[in-house]
Each structure stands twice: as structure tokens, then as C-alpha cells.
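Just so it is clear, A, B, C and D label the chains in written order, and each chain counts residues from 1 on its own.
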Amino acid sequence: MDKAELLASEIRHIDITEFDPRPMLEAFGRMAFQARNLATAASIYNRMLEDSSCSIILTLAGSLFSAGLKNLVVDMIEHNMVDAIVATGALIVDQDFFEALGFRHYIGTPHVEDSQLRKLYIDRIYDTYIDEEELKTCDMTIAEIANQLEARPYSSREFIDHMGRYLMEKGLQSEKSVIFSACQKGVPIFVPAFSDCSAGFGLIHHQWNRKGNKVTIDSAADFLELTRIKLEAKDTGILMIGGGVPKNFTQDVVVATEVLGYDKPMHKYAIQLTVADERDGALSGSTLKEASSWGKVDTVYEQMVYGEATLTFPLLLSDAYHRGSWKERKTARYADLFR
Amino acid sequence: MDKAELLASEIRHIDITEFDPRPMLEAFGRMAFQARNLATAASIYNRMLEDSSCSIILTLAGSLFSAGLKNLVVDMIEHNMVDAIVATGALIVDQDFFEALGFRHYIGTPHVEDSQLRKLYIDRIYDTYIDEEELKTCDMTIAEIANQLEARPYSSREFIDHMGRYLMEKGLQSEKSVIFSACQKGVPIFVPAFSDCSAGFGLIHHQWNRKGNKVTIDSAADFLELTRIKLEAKDTGILMIGGGVPKNFTQDVVVATEVLGYDKPMHKYAIQLTVADERDGALSGSTLKEASSWGKVDTVYEQMVYGEATLTFPLLLSDAYHRGSWKERKTARYADLFR
Amino acid sequence: MDKAELLASEIRHIDITEFDPRPMLEAFGRMAFQARNLATAASIYNRMLEDSSCSIILTLAGSLFSAGLKNLVVDMIEHNMVDAIVATGALIVDQDFFEALGFRHYIGTPHVEDSQLRKLYIDRIYDTYIDEEELKTCDMTIAEIANQLEARPYSSREFIDHMGRYLMEKGLQSEKSVIFSACQKGVPIFVPAFSDCSAGFGLIHHQWNRKGNKVTIDSAADFLELTRIKLEAKDTGILMIGGGVPKNFTQDVVVATEVLGYDKPMHKYAIQLTVADERDGALSGSTLKEASSWGKVDTVYEQMVYGEATLTFPLLLSDAYHRGSWKERKTARYADLFR
Amino acid sequence: MDKAELLASEIRHIDITEFDPRPMLEAFGRMAFQARNLATAASIYNRMLEDSSCSIILTLAGSLFSAGLKNLVVDMIEHNMVDAIVATGALIVDQDFFEALGFRHYIGTPHVEDSQLRKLYIDRIYDTYIDEEELKTCDMTIAEIANQLEARPYSSREFIDHMGRYLMEKGLQSEKSVIFSACQKGVPIFVPAFSDCSAGFGLIHHQWNRKGNKVTIDSAADFLELTRIKLEAKDTGILMIGGGVPKNFTQDVVVATEVLGYDKPMHKYAIQLTVADERDGALSGSTLKEASSWGKVDTVYEQMVYGEATLTFPLLLSDAYHRGSWKERKTARYADLFR
């Protein structure tokens, strides 16, 4: 097969308004194992939405947007269901910004010879394909944005805000975009390991070629900014998809407020959808009960759900969408704190 | 808490007619990872139902009925969506027959002191509780059935048929029952490791106390009977929930027909919903592609779905129920082959 | 590649006397996660060996012998480190008996086209190959043994004993054999799902072709026999490799003694080496603490170790071999109870 | 139990010179599944050590040092078995630097009430305990180091170098230290998400309290520096323990050289020890074959090993230590590139 044949079928993003899983989740709540856990998680998320003192932080890790979960996050933003986002660079830059520039992800298969893909400049994520040449355009667009900025340290949040403004100026080449909507709705996006993605390629291109002072990305500034949000919020709830740096970073802000001399409560609500388990001691699979020993997460409303996110995240979100608690909710517009 | 408080809240079985997941599965089919795999599996199962030459064998392992998935299997039987069942003894005896005798499973929690449960004679399955004294009644009912049978070898299929007749005679003490419906609709149920459950307790009680010849369970007869079904069927499709003995046993019948001197095709369709993976070499997680090297499963229509069954099985089945291909389908009544 | 090239390199069985892991396991005991769990398990197994009132039951599931773990189990038998074995049919018949007939397993790869293997009659277990034509000889040898036996019900234990006698008579075509050594040392081997393997093929060939009464396999007899061993033993310890039917069957005998009217203690020691986890509610990954709610396993000396058995089982066994507690130990010769 | 009782037993680091696993790994190489994979990985690592054109990059994720794997990494550095390290902040700051300040990790248990630990200021990592008050001292030491530096952007590599100098000056309060040895041997350490750990707490304390310009951490500088190492090296091999940001970051440098206009080869050798699997599409479990579609990893010498690192990493390293190929090897002293 040639490249055009391999990249013939686009991934499409699921639309959580198109189906109503409430009766299914209600049934799940009276069953066992992960079905019941998912129902419990859904009811905790609904409780967060109803709690007017609660700011909601969404953490994202794993290849979620290439898998069709991007518009779901856009819908969260548009419907005031989230107040801050902490994510991996792959999600925000290589996948969301990439699609906003007009590029797409394609339905592939894991049963393929990777050497064949290599020759065609097709990159594979399990069963999904990407045109590598399009990714390079994405890298270079980041370099272009960096080249136009004043040479000084930026938090990832601030740099991503500039990416949002770039999209507003140039026009969105995809139906929806997380960066674009977040920029408009004042939802700050943090990427604590911002160089670990397409942004890294653009930024080193900038730093390598720029004479004199350069744009730098200060990851400490990100941590300080997210801590300021924790200081602003009365209560907080965290909805974590996958683990990794976004999970740890977000749990840590409770301790960070203490380091700055404040006495703030732990995260009041916590949900994690994950496939990792606790028995290798790694952070991604560590339980929310364990996090409570660190003083990070309260244990009254917490739920781990073990399942792959393409199966669990749409159900959880669509349930909350249809229950409608977001209709009364206001966005905190935390991005305005830093603008 | 005392026993009554711990056993206050019953597990309820999900009703796949109460929600329509078709729009969701259609969206899943254009996404990635396990969502797309589940959509593919659903379309293969629908293909089985539409293929009038195809007999469908369902294999069941894992604690599915205590988790609320029993009525779903009853609905498969009642709507001609399955022609033979191969399962673990725990499912058929400790869970289905147990509920048919009037007992229930209860919503519990894994975060409990098992020593406390031990004192109260409460048995735990992860987050679900069972009254151990009720289980003993189930054991003794099996002994009572065995005591009334002629002393000779029985296949598990035949013994389970007698359990169905017992239920018809005594009256069903649960809304639905897999054994009961299967008995009426002529769907044979095989439990290749029949002593490995509550039935084992009843049977050794019978054998220990009976003078002279005893009822015995011939597991070779089970294998021969399932092989006869494979010989009768033009084509076969297998829907496997979990792995274990039911998976292996059912895949093996293709080879068994060859041992008896026949030339029958491999299983034409194959689906497995599982959490096991292939990398430890165990059968439960072995891929359907690997099974094709053994001549057991054809590879045109096969799909593994990695996810816990309480999340995936209801979606797959409810999709098929609402697509309605079963309406044209006839049951093979394979149980009549042996009656 | 042709068949001879694909089957060029034999799997060899690890020899636990050839290396001494004691210093490594001692270090593991002061570390964390699965290393520490393995060290704890090793010390519990050593405690079983030192406890002269304790009979040791080994349960085996997963493709262990084809992976090079056969001689390790033979060494356990020869050095009085085990008193009864409960296993899958694949291990005892398709792998141990198969090798005893002169056949071998071969080093392969999972990165192969299964359709190519199919054409060459090569069966694949993840990264291991088997000559399918040799497996058929194994099937037919079982049929031959069945044909020579009196037509009546047999426990799997009794039938396997006849397989051992067959090997003594015909001569062993492999360096070592679990069936052969167990037969000589009086260690009974139970296969509760005996038809679910090559034995099933041989037995249905026998039943299909034999006129009149046939050899049958009574799985209830297996359960009764293992229960009699539990009645005979003062205390019991269980070492479980993988889960499945062997795990459940062996845990259940405690309850079985109660069903027969006796008051025997729970299994005093329990170890499981597994890759399964508890969160899907299936028996294979259920914790030993959960088993204590059922009255099956005591919780003073129990340890789950999460890791694949080719990595963990040799370390555990070689440690026990070198510690030497087996030197004072006597075999219970439980097989003699039934001969 | 009071705090002193709970923190009574120290985790000790395994010493890979104290046992010789070579005979065991040689046997593993003729077995199957993960044992054979580990043997293959060990032989690939040995090949890296023997290849004088190959620079070795070690990536570390997961709670490895608190689990007793710290001295093993120190031994790699001391014996010229690694040329650059990419790790999580938890490992380098919260665990290595923490111990270098005189604090320790303690043997605990996962079967504990976390609320009880919370009251005692004990933090739990699965089965390991940490004194939270000691962690705060670690945070504040980072703040103290930042306060003494010139206010400008630093790569994490540069900041960690200053942490090494701090230790040299103040004296090491642990037997060994990764930071200390790396500083001496010129092995650069990169932590691409440097704020996501104890360092983050120290740095925000610095930034919050410092008037005027502040120390910032430029994660793009890290990426550029690691890319410069890739440009310097003739060939590269990567040994990855766990996944996460360190894995992705290190694989990405191949593409980064291309972005800067160079034509460098893919990583010639690649090993990953992990418990993650590929089927959720996340980077941590993505296969090395998939990485080859991205042009990051060559496929001639690559091996995934599925197992928890406390079991697999000591065997791999001790094997290489005893084979002795490191004796002829020189360290690349890449840290000197940037000093």
C-alpha cells in the first residue's frame, strides 16, 4: 500500500452529546468491579460540578486526542466543566495544535511492518497513523511562534496562551481545538514537561538559531502558577486520565501551598481513570489512598477506575453532560490571573 | 457492622434492553485502542448472528454473574443469540443456581478486614459479598440431586440439565436463570471442570456417603459432546469472556473433530474480551492469531478486546440486541442431540 | 524458512542446582515491591519445608514446562520438596508426557506470521514452537493407554499414575519427567480439568471407537481424593504458580473437609506467583487475604508475588534448594493412599 | 505503633558485586517468555558496553531508588557503564539527594491505614515509608541552593551539577550518591520535568520570596543539551527502566538532530524494562518496534522485558558487571561539554 492508501481513513472525535449513557451508568452502579467503580467516579464528578466552591483540575496523559477524545475535552471547556488543565506535551502540541493547523490522525493497525511505515514517513501510535511530514510543520510553527516572542522565561501556560492567540489570528483548521477554546474561556493549560514533545523540537530550533537572549520555558513558573490557583480556589477536585507527570504535579500543589506558608485543604475530590496498578510502586498507578498519606488527597470522595480511557472517559463525561449540573456552573477563568 | 448491615444492598443484573449503545459503539469504531477494538468485536458478533450457517458458542470465565451479568446471558439465550455455553462451575453453580435457589449477591467493598468477614461467615469476591451459609445450602442441593440420580457417569452437560429440571420442578426463586432458560431453549451448558465449584462439594458429599456405585462426572464425555456439536454445525463462531478452561476447551474442539477423522473448518469467527495479555505465554491471554497457528481459529474475523467484562460485555450485547439480527435467527437446540 | 530451520533450537530446562541465588534473595528482602515480596515468599516456602507437620501442595497453571521449568518441578519431587501436585492438563500431558515420549519444545518468536506456521504444522506458544505432528502422537498414546484399561471411572490422579507406569515400561525418552518421578516417589498429580488438553483428544478417540463400557474420568473423584489428603495432613501449605482451576480446586479442599463433617485448619501457608491482579474480580488474581474470608487460607504466612513465573519460580526454588531444609524432610507418599 | 516503630527498618541498596547471576541468565537464554527476553536484553546491554563507538544513555522512571536500586546506578557510573542519565525528579531529588543529606527510606507495608500515617507525617510509596519532615528539609535545601545562584535560566542538568557541588562541599551523608558520583565522573543527569518533585517545592519557595530576577529552569535547554550529546556520539544505545517522560525525551533526540539540520543514525541499541503494555496506546508501554516507525530506534538490537524493575534490573546489571566488558570502556564525560 502506498502512503495515500494507508492514510485514507481519519480518526473522528466522539461527540458526547450524541448518546445518553445515564441509564447504563445507573445500572453499572448496582453491579460490581470496574462498572461499579466507573459509576461511583461519575457520581463524584457530578458532585464536583454541583459544589460551587470547587474548582476542577483535569489531568491528561496517554495518547488521548489522537484516539478521538479531543472534542470531549473541548466540550468540557465550553460547558464550564473544568477550570484548569494539566497535560502532556504530546496531547497539547503534537495532537491538539497539530489538528488545529489542519492535520489529522488516521485509522491504522498494530499488525504492520514498522520498517514499511518508516520508509513512507508514517509514524505509528499503536493502531493509529500520523504523517511525519505534517508533524514537522507543527514543530516549525512552534519555532515561528517562539521567534516572535520577547526573549525571556515563559511558563508553559503562557507559551500555550500565545499558541492560542496564534490560532485565533490564523484561523482554526479543525472543527474544534482544546487550546483555542481554553484560550477563549480563560482555562489555563499547563504542560510541566513542555520540551518533551513537538514543542521541544520547535524550541531547540529557536534556541539553536537565535543569537543572544532566547525564549526559555520555566517549569518552576508552571508549578508556582498552579499553586496560585490552588491558593485562589476554596476547594479543588481532580479528574485524572492516566498518570505520569500531570498526576504527580497536580497532587503536589497541595504540599506547595504549605511550602509557601499557607494552610489549604487537600484536594477534596479525586478520580483517576487508569490501566496502571499499584504493585510496582510507580506514581502512575499509586492509589488515591496512598496519596492521602502524603496529605494530597482527601479520602471521602475518591475513586480509581481500572480501564482504558477510550472506553471509560466518554461514558463518565457524557453522563455528566446529560445530568446537566454544569448548566448552573461558572468558569473560574483562572487564566485571567496571569494575563 | 453486623451481618445484616453488610448484606443490605443487593447486586442487580444489568438489563441490556434498557439502554441503546449503538450510537456510542458507532463512534467507538472511528476512534482508536480498545474503543475501536470493542466496536470491531461488536460488528463481528453481529456478523455471526446474521450468518445462518453459524452456530455460536459462548465461553464464560471470571466472576461475571455475581457482578450483575447474569440476566444478560439469559437474554442471549431467550433471544436465540447463543447455541452452546461453556463456563466455569462458579458461574453456573455457585452463582446462577445459587440465585435460582433464592439467594443473592451483595454490594461490598475491597477495603475491609477479611478477618471480620470470616467471623460473620461472609465470603468476599473483590467488592461483593456472599452469605456462606447460603452457599452451603447450594452445595447440599447438588448432593440431593446427585442422590436421586442413577449411579453412572454423567457429562457436566447432562448433570446441569438435571439441575434445570430440578428448578422447573421446585420453581425458580430468582427473576431469571441461565440454567433454567438454557434447559427450556435447548442450549447445552458445559462445565469442563465441574468439580471445581459448589458442585464439587455436593458431589463429594454424595460419593462419600453413598454405598456401592456412585454418580460420577465424566469430563471426557463433555469434550466428546461439544465435539459432536462442532460436527453438527456448518460453521462456528466463538464469543469468549475471559480465558481459562472454557476458552481452551472450546478452541480445542476443532482439533478434536480431526482426531475423530473428520475434516471440519476452524472457528470462523472469534472474539475475546479479556484483561490478560500474551506476554506470559499463558492460554488465557494468548492471541487469536496464535490460535490460528494451531488450526483452531480462522483469522479473517477475530478480535481481542482488552478491558474488564463488566464494562465491555454489556455494550457488546446491548448493541447486538438493538441491531436486531437475532430476530431472524433460529436456535440450534443442540441439547436435544443428547436428550 | 522451512520446518527444520524453524525447529532447530531446543528449549532447555533450567537447573536450579547450577546457581545459588541466596545472596540475591537476601538483598531482595531489604528492598521493596516485588523483590521484597519474592524474598518473603521464599522465606515462607522455606518455613513450610522446615515444618514437619506441613504437607506441601504445588499448583501449576500457565505454559511453564514448555518454557523450561519442567526439571525444576522434577527436582522438587526428587528432593522431597512437594507432597501433591495439582496442575493443568497442558502441563502434565501436552508438555511433560510429550517430552517423555521423546519430543521437544523449540525456541521461536512472537514476531512471525501465524499463517506460515499453520502451513508447516507448527503450533506456537508466544515465543515457543511445537511440532503438531508430534502432539498427535501424544494424543494417540493416551488413547492407547485408555484402550488397555478396564472400562470404569478413573480419577485423573489414577489415570496419570497409569501414564507413569507406561513410561516405566517403555522407557523415558527425556532426561527427566514430572509424571515419571512423581510415580516413583508417590507424589499424586491431579488435573481437575483432565479433558482440556491432549488427554482429552486421546480419551474421546477411545470413547468414540470403543464399543460398550468406556474409560471415563471422574473429576469428582479427584476432588474427593485431594480432600482425603487434606484430612490426612496435619497442616498444609500451598505454593501456587499462576491461578486458574488448580488454584481454586486446592483452596477449596479446606471447605470440602467441612462438607464431609470434619474440622480441619485452613491452609497454614500460602504463596502465589502470578501476573493477574484482583481488580477484575476473577479467581486467578484474587488475593490470599480474600481467600481468608472464605475460610480457605490463613493470613499469618501468605504472600502474593506479581511477576512472570520464568523469572520468579527458579529464584524461589533454587533458594530453597540451597538452603537445604529439604534434607531433613520426608515425602508423605500420598499416592500410596489410593494404590 | 508510633512513628519510631514504623520507621525502624531501613531499606538497603542491593550490591550487584555480591552475587553472580551469569549462570542463571545463561539458562534464561534457553528458556521462554520474560526469562529469555531478559537474557536477550542482557546480551544487548553487553554489546553496547563492548561497542567502543556507542554512548549509553540510561533512562529511569518509577520509584527505583527508594526501593533499593540506587547503589546499582552509582556502580554503573563508577564503572563507566553509562554516559548520560535522564530521570524523574523524584528519583534524583526526593530519593538520591534526600539520602545524600542523611535521610533514609523505611520498610513498610501496603496493608495499613493511610489516615494513621497521615497523622504521623509518614508518606507511603506502596510498601515503603518516608519521614515527611525530612522531605521538607530536602525541599528547603533546594531553595537554599537556588538562592545562592545567579538569577538566570538553568537547564536541570546544570542545576543538578550545582547540587553535586553542594554535596562535595557539605560532605555526603550516605554511603553513595548518584548525583555525587555523576558529578565527579562527568556523567550529565537530565530531569526534563524538574519542577515535578521536591525540587519544585524548593524552586517555588525561591521564586516566591526572591525580589527581582529569579533562578528559572529551562526545559528546552535540557533538550538542546541532550541533543548535543547525540550529535557528539558516534552511536547511541538506550537502557530504559520504566517509561514516562525520560523514555520519550531520550527517544526524541534522534529527531531533534534532524530538526537542527544533521543526519544522525537512530539509537542503535534499545532495551526497556517495564510493566506497561502497548494496548492502551500510551508512550510508556509503546514497543521499540513502534518507535522505529518514528525513526527513533533501530530494530536490530532491541528488546522489551515485561517485569517489575526490582526483579529484572539487578540481574541485568550484575550480569554485565561480572562479564566485565566495562573494564575496557572509557567514560565520555559529556558533562564537560557544558561546564
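Here, contacts are C-beta pairs under 8 Å (C-beta built on N, C-alpha and C of every residue); 3 or more make two chains touch, one makes a residue touch a chain.
What you see is a predicted model, and the numbers here were worked out from it, not measured in a lab.
The chain pair B-C and the chain pair A-B differ in C-beta contact count, and the higher one is B-C. Each chain's centre was taken as the mean of its CA atoms, and the one lying most distant from chain D is B. Once the centre of each chain is set as its mean CA position, chain B and chain D turn out to be 47 Å apart.
If you average the CA atoms of chain B and of chain C, the two centres end up 26 Å from each other.
Separating the CA-averaged centres of chain A and chain B is a span of 39 Å. The set of chain B residues that touch two or more partner chains comprises 32-34, 63, 66-67, 125-128, 277, 279-281, 289, 306, 308. Touching chain C in their complex are the following residues of chain B: 61-63, 66-67, 90, 110, 114-115, 117-118, 122-128, 132, 136, 139, 153, 192-197, 200-201, 203-208, 215-224, 227, 242, 244-245, 248-249, 252, 255-256, 259-260, 275-284, 286, 289-290, 292-295, 299, 308-309.
Note for the complex: chain A touches chain C at residues 32-34, 277, 279-281, 306.
Every residue of chain B that touches chain A in the complex is listed here, in rising order: 10-15, 18-19, 21, 23-24, 27-28, 30-36, 38, 63, 66-69, 105, 107, 111, 125-128, 289, 306-308, 310-312, 314-315, 318.
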